[in-house]
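Lettered A, B, C, D and E in written order, each chain numbered from 1.
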Amino acid sequence: MKTHPARGRPRAHAVTRRLTGHLARGLAMIWVVTTISFVIIRSIPGNPVQGQYETLIERGMSPDAAERATAALYGFLPKGTLWEQYTQYLGALIHLDLGQSLSTPGTEVTTLIGAAAKWTILPVLGGTLLSFLLGVTLGVYAGIKRSGRLGDLLSISGSLLHGVPQYVIGLLMLAIFTTLWPILPAGGPVDVEFVPGFNGPYLASLVQHATLPVLTYALASYGGWVLAMKSSVATVLGDDFILAAELRGLSRAVLFRYVARNAILPLFTILALSLGMLFGGAIFIERIFNYPGLGLLLVNSIGARDYALMGGTFLVTTVAIIVANIAADLLYTVIDPRVRTGGTA
Amino acid sequence: MISGTGITKTYRRRGDHTGAQDVYALRGVDFTVPKGGAVSFIGESGCGKTTLGRIVAGLETYDSGDVVIGGVPMTPLRPRKREPYFRRIQLIHQDPYSALNPNRTIEQTLRAPLALRARQMKRPGSWIGERAEELLSLVGIDPGYVLPRYPHQLSGGMRQRVVIARALTVDPEMLVADESVSMIDVSMRLSILALLKDLRERLGVSLMFITHDIATARYIGADSELYVLYRGLVAERGPTETVISGPVHPYTQALLSAIPVLHGLELPGPDRVVPTEALDERRPDTGCLFARRCPFRSDRCVEERPELAHCLDPTHEHACFHPHRRQVIPVERFTSGGPDANGTAGTAVNGAAGAAARVRTTA
Amino acid sequence: ACGATEGAAVGPGGIYTTIDGSKQIDATAPINPFNPQGSTFAGYDAMSLAWPKNDLMDANQFYPGLAKSWTTTPGQGEVVVHLQPDARWSDGKPVTSQDVQTSIGLAYTQGGSAYTVNAGAAGAAADITVVDAKTVKVTQGAIRSNAFLRNVLSTIVVPAHVYGHLLPAGFWSTLKAARGTGAAAERAKAVITGLSQQVITFSPATDVSAGPFVLERVNPGAALLTKNPYFYDAAKITPSKVKVLNYTGNEQIWNYLVSGKLDSAPFTAVPAAVMHRIERTPGNEVRKGYSPVAAAMAFNQSHKPYDNVHVRRALAYLIDRTQVTKIASPEAGTAAVTTSGIHASAAKAWLGDGLGALDPYKVDPAKAEQELRAAGMVKKAGVWAMPDGSPWQVRINVPASFSDWVAAAKAVTSQLTDHGIRASVVTSADYILYLDELAGGKYDVGFWLMGLGPSPYNIFQRLYGSANGWQLLAGRLEHVPPGKQGNWMGGPETVGGVNPGELTNRLNLATPDEQKRIVATLARFTNEQLPVIQIYDYVNTQFVNTTRYTGWPPPASEVLRLPAGVWMQLGMIKKK
Amino acid sequence: MTTAPGVRVRDLTVVYKTPLGELPALRGVGLAIEPGTITGIVGESGSGKSTLALSLLNAVQPPGRIAEGSVEIDGLGDVLTLGGEALRQARGKHLGYVFQAAQNSLNPLKTVGKQLLDLGRSHGVRDGRVLVRDAMSLLERMGLDGARVLDSHQHQLSGGMRQRVGIMLALVLNAHLVILDEPTTALDMITQATILRIIREVHEERGLTTLMVTHDIGVAAEVTDRLAVMYGGRLVEHGPTKDVLGSPRHPYTRGLIQAIPRLSGDIAQARALPGRPPTLGTLPTAGCVFRERCPLRMEVCETDDPPTVAHGDRNAACHAVELPASAIRVERKEEFA
Amino acid sequence: MTAILTPPRPVKVSSRRDFWRGVRRVLRRKPSRIVGVVILALFALMAVAGPMIYPSPLPRENNALYAAPSLAHPFGTDFEGTDVLALVVTGARYVILTGLATAVITVALGTALGLIAGFHRGRWDTALMRLTDLQLTIPGLPLLLVLTTLWKFDSPLEMGLVLGLLGWGGVARAVRSQTLSLRERGFIEAARGLGLSTTHIIGRELLPGMAPYIAMNVLIAVTGAIYAQVGLFFLGVLPFDSNNWGVMLNLAVFGGGALTSTAALPYLLAPLLAILLLTLGIVLIVDAMDEIFNPRLREE
């Protein structure tokens, strides 16, 4: 009596179908978000040109000069009825054209977003990866030594850090490292003195300026990783296959790998999602450290009533989340054999 | 009387990553449970027993066919209209743990349906409490002890009794017991079976008994009927004792052959049948669903699907082109055979089974 | 930051670190002075013909810039500008009249006070004549304004060989046509304003500067400028590089100052504690000078009970401006001596002894009570209420981002509360929203910048201009009713026969003597009518650091309001 | 070691830490497993079967702890004194353990083959190819397509196949003592019959000592040579399967057998045992653990733990068991001496 | 076989009164939980009674602006000379009120939608889950920033309403999946089979099982809302007509230069400490929720 296991055929068409489904849903979502943000943003009160004028005055420019400086801005105000503006906006969006900024008149919103995105990606990626690695490593430990003193300490510190809002950590970091013990720069992305490129001083400056934001990101999200990993490890440890492996006399290293790999799997999707989420969540950190990323761009664009920039930034953060969602799902399809090869017997 | 005709049910399994997949849980099942009668359903895992039970209890929809309760066909009725009928059929779950809400005391659990019942029957509020105690006594537990407790404070047997008591709150016509004893400790299993049998005899509640342990099917009553399901179809049906002692369908035979033999008390059945393959639901179905695994298959079995038919005994039906009575269940050893009785017992009782005639179907 | 590589690589003059208070750096913005956000820095790589002096009264006082000198005919009918003979662009080409003409042409596309295509606008330039390679003559149109010279001299000059192509052939004849009337003129106007966006978005690949510095690099945190070897006065310029740091909030400037990073810093509001820390940092010195701006509480007179002058006066008698200033702006403000609409320093110059005749509104609860009773307000259980007995709550609005205003408003409410007037502070999320709602008449009382000198027209235009209903439409003054077209102050058009808007408008065209008379009238009017309560006058508080450079402008110097780049042009700032 | 090992469990006590303190899940269990036999351990849920099985590998999981006793296995000595590397090496190489079928005893992320190689590497097997060949032949022996199975992930295998893979992994390193914990629970009947047949055949072919834990007396009866019955953490009866079933000595065994509904004969003869099985919390601390449900209850049962009394190759622990006086031999210490 | 089975040993009877005894037992199981309860009680007290302890308006000392910490002013004074501790205490009400309002909305909305989606499945489920996806996709903080320019959050309840509307998605999704899994449990099926009403099934059978979960979400939502709101005040995008922690942070950092000089540091640290303490309190008791609402764990 011979039976055959289901042959693990990669179901390519299933994955593509899944992908197209996701894309369609993602696009629909983007459209809804675009529409919502368009409506909200256009109903925000405030005349940007008047605002610019008064701001210049407040900064000490003479009224004549301020008037000269702002006169041309009127040309950049959106024209037409709301509906016309909407259809224009959507039309341009199809060509990935987000319009022109008003606060930096004449600059494409995409250019501004591109410039800012690079500064968001650096600390977000750095901070998230740092905290992920740290949190996951310590989380494994906390999960394995659940009942020990150090395990308790790790989980309590994790819960606390997880609970504390980013800006609290950011402010504390700033207070400690720039006021009480001033060893790190308080803001900005990199010292302008150094020629950008792959050279020592430039990179050193880059790292120096990124330290605090990255550290803040890392600390703020570290707790979450510890907790998630800990509970994941605890779940895996309770799984029978671990006990089975132990009873088969597998070496510690192998056992550890079994636990770690199985426990980390669900965290990968969270990782992808949190990367997407952080694009929008970077506001506090960027504001506190004056780091010129998307969050700060959004805050500034709201401050300047720069409709196009506001809408664009908002859209990009949302799209990042949608893309992260899709990526997380596909990632799971790739890394989990249960999903990858389908079909249970 | 409750009966079903041609019930089919197809699950569309929304494979998250593999695309949709149809599972034919039931492919046209007919059955009849007489008032106060009992029927048992046995079959391999996944053959549709639970699905059938849930459909009969009104907890699951079906694709075609009909459930007839007290002469009223359910299919033409609107869902709201069906409810009172289906309430007359109560399902006893397999797992007495999950069947009781862990956050509610037994009293709360029993009161809710009783309150509903009291309203329907225009009984006073005090009736609820009395009835709860009455029911608990009926299923053999001390109401004073059980009522204020949470399920986790009770043993498995007690929990199952509470579940049965709860089913009785609505004065059902039929109980559907889906593997109701498989999670209960061996030593207490029988007491639950006895309770079901007792309820049937004393209250006239009919019983639909779903199990994979064929021996228990014998226990619920002498006049019971046994249905053997295979992949959503009835392979064989007949009076329980008849089917057990003389199964005709090779599938029933394989199933009964798989029952472990209590060496020391029993001797293995002489004609044990072993399927040629393990079950593989993904293969396309043509002809007899069991053909691929059947040691007696012919070409016809692969091409044509056999209908239910009978040989001599009209109460004993089977869906097989090659029916043949075989003696597969273990034989009781009334005397202790001593250590030397090993393995040779088979031949001793061979005669009875060998005498059974090989009969062709008349249908 | 960190000054990691000072010295050798930089040059003997070192890096001069500062902040441009007038703009936030945007690394993506074009290197183009016509772009409000452009990566050019006035006084460093963006040059105007001349730099305005910070005179108390005369707005036409200038330091030479690219213009070495200038002459005007009486009434400013004609302004002749003589360019610096040695002026060159950073690519070595000389600065010529052609550049000025092109720059003026570009200014027309942007619209503005002197260079406007609107026929009939006061103080518009009528004609630009290139006299020779280094001399340009600009003629004023028929409707004169005493701001004309100022506007001409403020022209930012850009290189014609970089920007020239932005002006299409026949631009000047189109301009001439636009100044006429009729359909053809309208078309021509459209052509010229149509160029506006093109000019603003133009982005030269590199900076071509006639100033002492030229932009080398800019990132979101800072801009780096290097010394321009072709600058006409290059010998005067000490630093080899200038680093202009970006800032998004005052607290960043404070931080830089505390760490001693900045060689000079623009004016910011500074809390006392921070001030002490800044002063403790080696080399940091404070330079205080005149800043023609004052902070005031402005009333919406179309809201009750602020339409009643007695109520406004009562409030003025109850606010201890000295204490408010101490809380809100101890370093960068002096409590207003009275409310005249003019910054105190300028007021002394304009009014002379007349200043003493104004009511100083010293804290006087008794008088306040008297005024409130005169307004019909009633006091119930120690709390003042409206004449009809309904509760009265003074809501003072301020934008959240102005920390000194927030503190001031809080201090004012606390004081009013002490005197039985319920008061609270309401902040607006941002300045633009604030302005919008203020202009929309949504507030009862809001903080407002005023006294924007030195031009007396600008000073009083804040109080009796469009915010108070006086609109200048095609040269004609009109008064719109409260609540319409931005009239949120809602004051009466005339009080006791004085039409303040009318008088203010006259300031634009008046001779100095006439101006003095009008200013005196308006100051008295303002003091009595109190459309605003002047709380404190700003002090231009700047910081310099003497560890790396010396030769700073002395305290109270007129150059203090100008960028440090101009200080260098004027021969200040030497390596220590 | 190539021959089937014998196992001698003496006086084994295992306690679990609970909110009520440390409670014994096994108390003074003594059991001799003869080399080359299949021994079944039956008992109801919570009677301590799994705990006993795990004790043989010195693998009682926290909060459990082996409090007392010894487990001597031929060729290994007292397993309970082993620790660390020695214990790990013993597991897998000498002692094979097979998990319940439906539970997942395979790493879901790795193919069976990869896990096989992990196993080999952990036990210092140098030549992976030999290992794979052994595994394949074992799988083929059990009716599976070896290459395919090794290439599959857990989720691609059916319950019966997984169980066979489990048996393969327990045997592939040539362990001769195999412990199976509920190997057929949650499998359907036909698959169960197949697995039981395979267990029996492999046992005989490879000359193993096999211990099979189950709560289903039928399953034990089908394949085992000897049967041990557990109740409330005590071993109440032990002897050749046929004898234990045919003439049970202990009232619990008797009750248990009587409670099994049968396929033939008078169904009405089946009787449930009264009462309910004890849990850790309700176990009496002194006296017989079964007395609450015992029809033969005597006074002595309240106070004294019944000793295990041997009679030939059978023994039982009951005060009421009638045995020829000559055969009574109180034994605990030197049953196998 | 209907013999009455008598229990071997009587077990303590549970009732409503015992719930609180159980709660006390659960809390006493770990001393840290008591600390957590004390902390939360402290904040609750602040919210209720805080503004009553101090005179209104708070007294100011004109000569003690940014005074250093002392016995009279444990956390120093602010820019006006008001005691910082008093500000923290009186500011708690607004903050906590918002938190509660948000929690109520988040949890009520999330639970209701999750239950409906999970219980009715089918079209309702799809529609509601799309809505949930949308809510989860739109980045909350940026949207809040945009909204603050449109909406004056005049009262803490309004603020809570908006924060709640932006935060129910996670709860809804989780409740739905819980509902889906509970739905398949025997007791829900049994209730349906017995003809019990949907209200009964949802209200009595489903919800109590999710109580620990919901309670935990309430706590998380409260803290989340408090942080979001304090953060918005800190960014200065909300009008501060009231005294609260976020306003303090903002004024300390952007007005007082707390990050530049140490004088205003206590003014910054006091609200930060309050937030940290609140977090600590919640962290300490969150793990008790499961035990409190699960009768089995409560008894042990």
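Rule of thumb we're sticking to: a contact is a pair of C-beta atoms (placed from the backbone, for glycine too) under 8 Å apart; a residue touches a chain by one contact, two chains touch by 3 or more.
The structure presented is a predicted model; accordingly, all values stated were derived computationally and were not measured.
Contacts with chain D and chain E are shared by A, B. Here C-E and B-D are compared, and the pair linked by more C-beta contacts is B-D. Of all chains, C has its CA centroid at the greatest distance from the CA centroid of chain D. If each chain is reduced to the centroid of its CA atoms, chain A and chain B end up 55 Å from each other.
With each centre defined as the average position of its C-alpha atoms, the distance from chain A to chain C rounds to 40 Å. Rounded to whole angstrom, the centroid-to-centroid distance between chain A and chain D, based on C-alpha atoms, equals 54 Å. Within chain C, the positions touching two or more other chains are listed as 249, 255, 401, 430, 433.
Listed for chain E are residues 1, 3, 5, 149, 237, 253, 259-262, each touching two or more other chains. In chain A, 1-4, 6, 45-46, 178, 186, 287, 302, 343 are the positions where the chain touches two or more neighbouring chains simultaneously.
Against chain E, the residues of chain A that register as touching in their complex are 25, 29, 32-33, 36-37, 40-41, 43-46, 156, 159-160, 163-165, 167-168, 171-172, 174-175, 178-180, 186, 277, 279-281, 283-284, 287, 295, 298-299, 302, 310, 313-314, 317-318, 321-322, 325. Residues 1-2, 4-5, 10, 15, 21-24, 26-30, 34-37, 52, 107, 109-113, 147, 150-151, 154, 193, 196-197, 199-201, 217-224, 241, 243, 245-249, 252, 255-256, 259, 266-267, 291, 293, 401-402, 430-433, 435-437, 439-440, 449, 452, 455, 458, 461, 540, 561 of chain C are the ones that touch chain A when the two sit in their complex.
Those residues of chain D lying in contact with chain B across their complex are 44-45, 158, 160, 188-194, 196, 215-219, 221-223, 240-247, 255-257, 259-265, 267, 270-273, 276-277, 293.
Partner chain D is touched in their complex by these residues of chain B: 44-46, 155, 157-158, 185-191, 193-194, 212-216, 218-219, 244-245, 254-266, 274-275, 278-279, 329-333, 336-337, 339, 341. Here chain E touches chain C in the complex through residues 57, 60, 62, 65-66, 79-80, 148-149, 236-241, 250-251, 253-257, 259-264, going by the rule given at the top.
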